[in-house]
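You will see two complexes here that share chain A, one where it goes with chain B and one where it goes with chain C.
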Partner chain A sequence: MSEQTTDKRVRAASRRHFLQAGAALASGSAMAGFAGTNALAVSDSNLPPSVPEWMKAPGDPTGSQPYGAPSVHEQGVVRNISKTLPQYVSAASRTPLQELDGIITPNGLFYERHHGGVPTIDPAEHRLMLHGMVDRPLVFTIEDIRRFPSQSRIHFIECSGNPVYTKPYGKTASDLVGLVSCAEWTGVPLKTVLDEAGLQAGARWIVAEGADAAALTRSIPIEKCLDDAMLVYSQNGERLRPQQGYPLRLLLPGFEGNMNVKWLRRLKVTAEPAYSREETAKYTDPMPDGTSREFTFIMEAKSIITRPSGGQKLIARGFHQITGLAWSGHGTIKRVEVSVDGGAGWQAAELQEPVLTRALPRFRLPWHWDGRPAMIQSRAIDETGYIQPTLAELVAVRGLNSFYHNNAIWPWRIDANGEVSNGQA
Partner chain B sequence: MSEQTTDKRVRAASRRHFLQAGAALASGSAMAGFAGTNALAVSDSNLPPSVPEWMKAPGDPTGSQPYGAPSVHEQGVVRNISKTLPQYVSAASRTPLQELDGIITPNGLFYERHHGGVPTIDPAEHRLMLHGMVDRPLVFTIEDIRRFPSQSRIHFIECSGNPVYTKPYGKTASDLVGLVSCAEWTGVPLKTVLDEAGLQAGARWIVAEGADAAALTRSIPIEKCLDDAMLVYSQNGERLRPQQGYPLRLLLPGFEGNMNVKWLRRLKVTAEPAYSREETAKYTDPMPDGTSREFTFIMEAKSIITRPSGGQKLIARGFHQITGLAWSGHGTIKRVEVSVDGGAGWQAAELQEPVLTRALPRFRLPWHWDGRPAMIQSRAIDETGYIQPTLAELVAVRGLNSFYHNNAIWPWRIDANGEVSNGQA
Partner chain C sequence: MARLDLKAVLLASALAMLGAAVNAEERYGIGRAATPAEIAGWNIDIGRDGANLPPGSGSVARGRVVFSEQCASCHGESGQGGVGDRLAGGQGTLASPKPIRTVGSYWPYAPTLFDYIRRAMPQNAPQSLDNADVYAVSAYILSLNGIVPENAVLDATSLAAIRMPNRDGFISDPRPDVHNH
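This part shows the complex of A and B:
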């Protein structure tokens, strides 16, 4: 049918129509409103060519990418790498949230946070040792683990410094909260493997150790280990990527990222926590009274508008869909509210079904931008009734000494040109 | 903690324990059954090294892969490319279903089926034209489409020749039914855009054309276009891959793959179908009475066991989890049944939640393999009550002239060595 492309019946829709639709919005017809203001006026310059060049000869053959890659026109959509953080100690890369849609983070863009670099592990040589207060200490190969009954679940993982507490730096959603991603994980419930070993009386913690150069070590309460913790070998269908712990990682849905120990090699059942570096010098929260809050495991409810967001530009007045992500380590997001007037008024956004527990549900809200400066922001409410706080509310409780566990509301400023920037900077 | 790795309390669990657990299964304790028979006996040879080489120095730095890739140890997990099919006419590559877990197919392994190769399209130059029996013919840029209210949904897409009808060739699950994959798609309901253009009285079909060298063209019933059809720009979070229609494709949940037109450039609203090559010479079903069944849009209920499946080997007697995928173009899978005795008896498998409509729900069934030859197979039952047929049942209705739309049950043969092969070959 390509020879019919310059069909005589194609006409540029008149600008009058869109103005009429805009008027319909003003008079309360939401349907005509978003449609009319959203479609752009057609001009001769954007009519399709009769036959574009790429239709005139066969394209790339099938199988030219046995394992595929994004379009050459998407080469800028990559992980956002912190250049100021030292490699092997604090290195991190962030998911480009503002470029993404839906709730699944593709594996190539899942955020990274490493303490000793990414080890290259031959799965045939990797072992998981389970010992300590168990009746039967065990050592598993990866194939041993994969023979146990598996499950798949969609969950987020988030770094506890996302963003760090009192430095509202960053221009984009990725700069601020790009240390969160979401995937479908497949693995074996940790409880299944613990049942095989037999927990002894008095077992209260499990100390998990990674096979990276940092031997990253965290203590997990036994209740979590017997609840929804998993030994994970696959992510979004395929085996884990090296950056995510290949060939085996711990998954603790809703717990801070570093506890989801990657390259998992050892689980030691104990009566007491290990008080490792990552739960003493790091990942604790200094409070105003001079004490430190330890073991802040669960990531509190949070949300972020990803579109429009910092670094983007509204190309025209009229209809825009505000969209973003919300999450809570405590369970299911019950509601996301959006303010388009600097926090004075809030309205409920639509949550994309299915809304999964401890995942990254996407919210959406239709909005008509009148072309004036605006401040937009979102707040998450989870199944416990907890409401995501403002930064001021967080500081009132926690003071200014904290570094981790900042779940404050993050506003975006929109100027009269449509340019979007960090509302706290 | 790595210096403690050779912890004296670690002991090889005794083989006696596993034999006891095996006995427990025989006496009816399923829990001890899968645990005991699944864990392998520990020997000195599989104790973890005190400190493996990869822990002794920092690994790869963060950001060494701005867009990540699988482990070097997973390089064999790639799309399965048909070498016997001519490029640019019948070229296809299949998803390696037997290597994957969960329900999401990673974008790099999503199956391909092209009729004129993969065009390289600059999204800034691409246009979608909507014309024919509409009040306002329109031309959209990709950014125009993205300004409309979007949705995200998880759906499968399947080629109608998956597998071809009367040739039970192929060794693996991928060889047989690897022309099906599942992703989270984000885009705009087609209805929204049609409402903007205004359908005229008598509009019954929409003829969709792709911007590939084949100008692939299919006619879609207007009812589907006004139901769940979408104009899709993202897949699993990121923009579509070129092989999947970058920058825009049609998604018709449950309809045969080629109707989900990729590189979508034109939608023409008509009173009659186009009777294009792809709905006359191809994709029709010759019936025993000499007529051809046209417009077999909806893919019927199907399932496949992916593990254990052809080319794999059961490494030991005892517990194995049978797992696979089920799907139906008619809606939700209500039940999957598995037979481990050549089709004499059937038992219900567990379906992984959430079970999404027109997606690829994963089923799982615990099984104790006694070491004797076996024939295993699955059958899907969808929300309409339809039961996936045997190949003999399909042939009894359809005769032997068909090529497409084979949704027969596919058995796997397991021999006494544990080797799994095609049960129909």
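This part shows the complex of A and C:
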């Protein structure tokens, strides 16, 4: 069965559910907030002591959704994309981080950044070419790539502009840093495939090219290619989604997102970088003195509180768990500290085990809200000892126009009504 | 001594053969050889020094016509004012509070312009322009920025010879750059 057919069936099924659900269906993103501020009138006919209606008749037939979709009551939990972009060919959509739990991003909610739209690629007609400074230039089919010994690893990918340095700052955690997601990736170490071709002396870079309409091209230092780089064909157990590079992508753990080239079709081993448009005119970081930093690959340590976070509401005084995500392109997160008093004092949060390198560990901290206005924020410390900086510390060095690699601490303001908003706005 | 040397050579050569055999065994034998024609068809990368630029040439005048037909709807007739990236102007603004980054003010290498236009533009039909028109559009955009004269005709040699204004504007990554320990 084609994917399209499946898709149509799921949509039809979803639509039936939608209609059945009727008035009970509303914006899941508003409902799923930390506060559970459910403004909808909820009937009590399904509540104790009554028997709920869904127990009085059989439910949907088994297999009515060949590819399962979330509950109709979660249909508001979707990627966050601006409705007012000038165009949607080269654009981004964000993961709704504040709606998610754990450390893994569902495939349908993984953030997107495309430079020439999302190509529809028939894997039977897709090839990976490996050439340049190699003993044996090679062409691989996807089935060839899948024959190599496989590995599965959990890593985050983050867009380098997440967020920019200038106002207006976003309202929600997704608005601010929703261009980061984390998945279990399966593929073959790039080194294994390079060994198959035989690197020649003087090989220092590999130029990777995507099979999209942007033919997106980035240069990767050979050290990274021989370290933990992977050629990936699966994500969270299933084949890559088209939005994530189906049928093959490059994975460079900890490097800025655009270098993890999607729809990978070509690897050219070279002595020099390509100096492509994407690594000169774009993805270079302007400084106040007029110079720009080039080849700023690594995403530095960062964290964000996702609950309570902007747009949510604390409905009661008393116990609330503060939770969020932390990550570093330099390796493992060693510690996450949380302040609930505007940055005066900091306490260590609990990190969810196992704390994986270049992944998205979750942190948690029990907290009692006394009902008074508060400013809460988190900061990550990674295995190199690097401490996530404040926005002021970053701007003091880089100015406001550096665009990329803003990894600032982001505070949330909680007012006396429990409303949570952006502490920098 | 001569006999010893010979032995050493034989031993070394035997070890080398053994090594080669081991290497051959370590390979999986997956994939097939890429032919020169296949590589030539897909290897569209242009070096910053102009390496791999194809034969052909294009004039500013021809570029103005192609740009008007293929590019202006997104980038504006004079390379600014559309939904697409601004392509012209901005020289001297990079150190100001409102830097304007364009081909003329920001791009370090002119051959990259050919590379990018050919691989990705126009956005609705990438790789549809022939090489002569890619040279022509490159020439027109460079002329909008005052980098080549109105009567310029660019080819592989002349495009590679252009020195862009921001050629030396890039520095290597100095991070970690925030000292908050």
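In this text, the second predicted complex is superposed on the first by the 368 of 425 C-alpha atoms of A that agree within 3 Å, B and C clash if a C-alpha of one lies under 4 Å from a C-alpha of the other, contacts with A are read in each partner's own complex, and residues count from 1 in each chain.
Assume a contact is a pair of C-beta atoms (placed from the backbone, for glycine too) under 8 Å apart; a residue touches a chain by one contact, two chains touch by 3 or more.
Remember, it's a predicted structure, so these values are computed and weren't measured experimentally.
Q: On the A-aligned overlay, A:V207 touches which partner chain: chain B = first, chain C = second, or both, or neither?
A: both
Q: Touching A:H114, do we find chain B (first), chain C (second), both, or neither?
A: Only chain B; A:H114 stays clear of chain C.
Q: Could you look at A:E383 and tell me whether it touches chain B, chain C, both or neither (first, second, both, neither)?
A: In the superposed model, A:E383 contacts neither chain B nor chain C.
Q: Which partner does A:Q87 reach: the first (chain B), the second (chain C), both, or neither?
A: Touch status of A:Q87: both partners.
Q: Touch check for A:A281: first (chain B), second (chain C), both, or neither?
A: It touches chain C, and chain B stays clear.
Q: Touching A:V77 in the superposition: chain B (first), chain C (second), both, neither?
A: first
Q: Taking the superposition on A as described, I'd like to know which of chain B and chain C A:Q321 touches: first, second, both or neither.
A: first
Q: Of the two partner chains, chain B (first) and chain C (second), which one does A:E419 touch, if any: first, second, both, or neither?
A: neither
Q: Between chain B and chain C, which residues of chain A are contacted by each of them?
A: 87, 116, 129, 131, 136-140, 144, 147-148, 192, 195-196, 207, 209, 213, 215, 217, 265-266, 268, 274, 276
Q: Enumerate the contact residues on chain A facing chain C in the complex.
A: That would be residues 86-87, 89-90, 115-116, 129-131, 136-140, 144, 147-148, 192, 195-196, 207, 209, 213-215, 217, 265-266, 268, 272, 274-277, 280-281, 284, 286-298, 300, 385-387, 389-390, 393-394, 396-398, 400-401, 405 of chain A.
Q: Quick one: in the complex, what on chain C touches chain A?
A: The touching residues are 26-28, 30-34, 38-39, 42-45, 47-48, 83, 94-95, 97-99, 101, 103, 106-109, 112, 115-116, 119-120, 123, 126-127, 169-178, 180-181.
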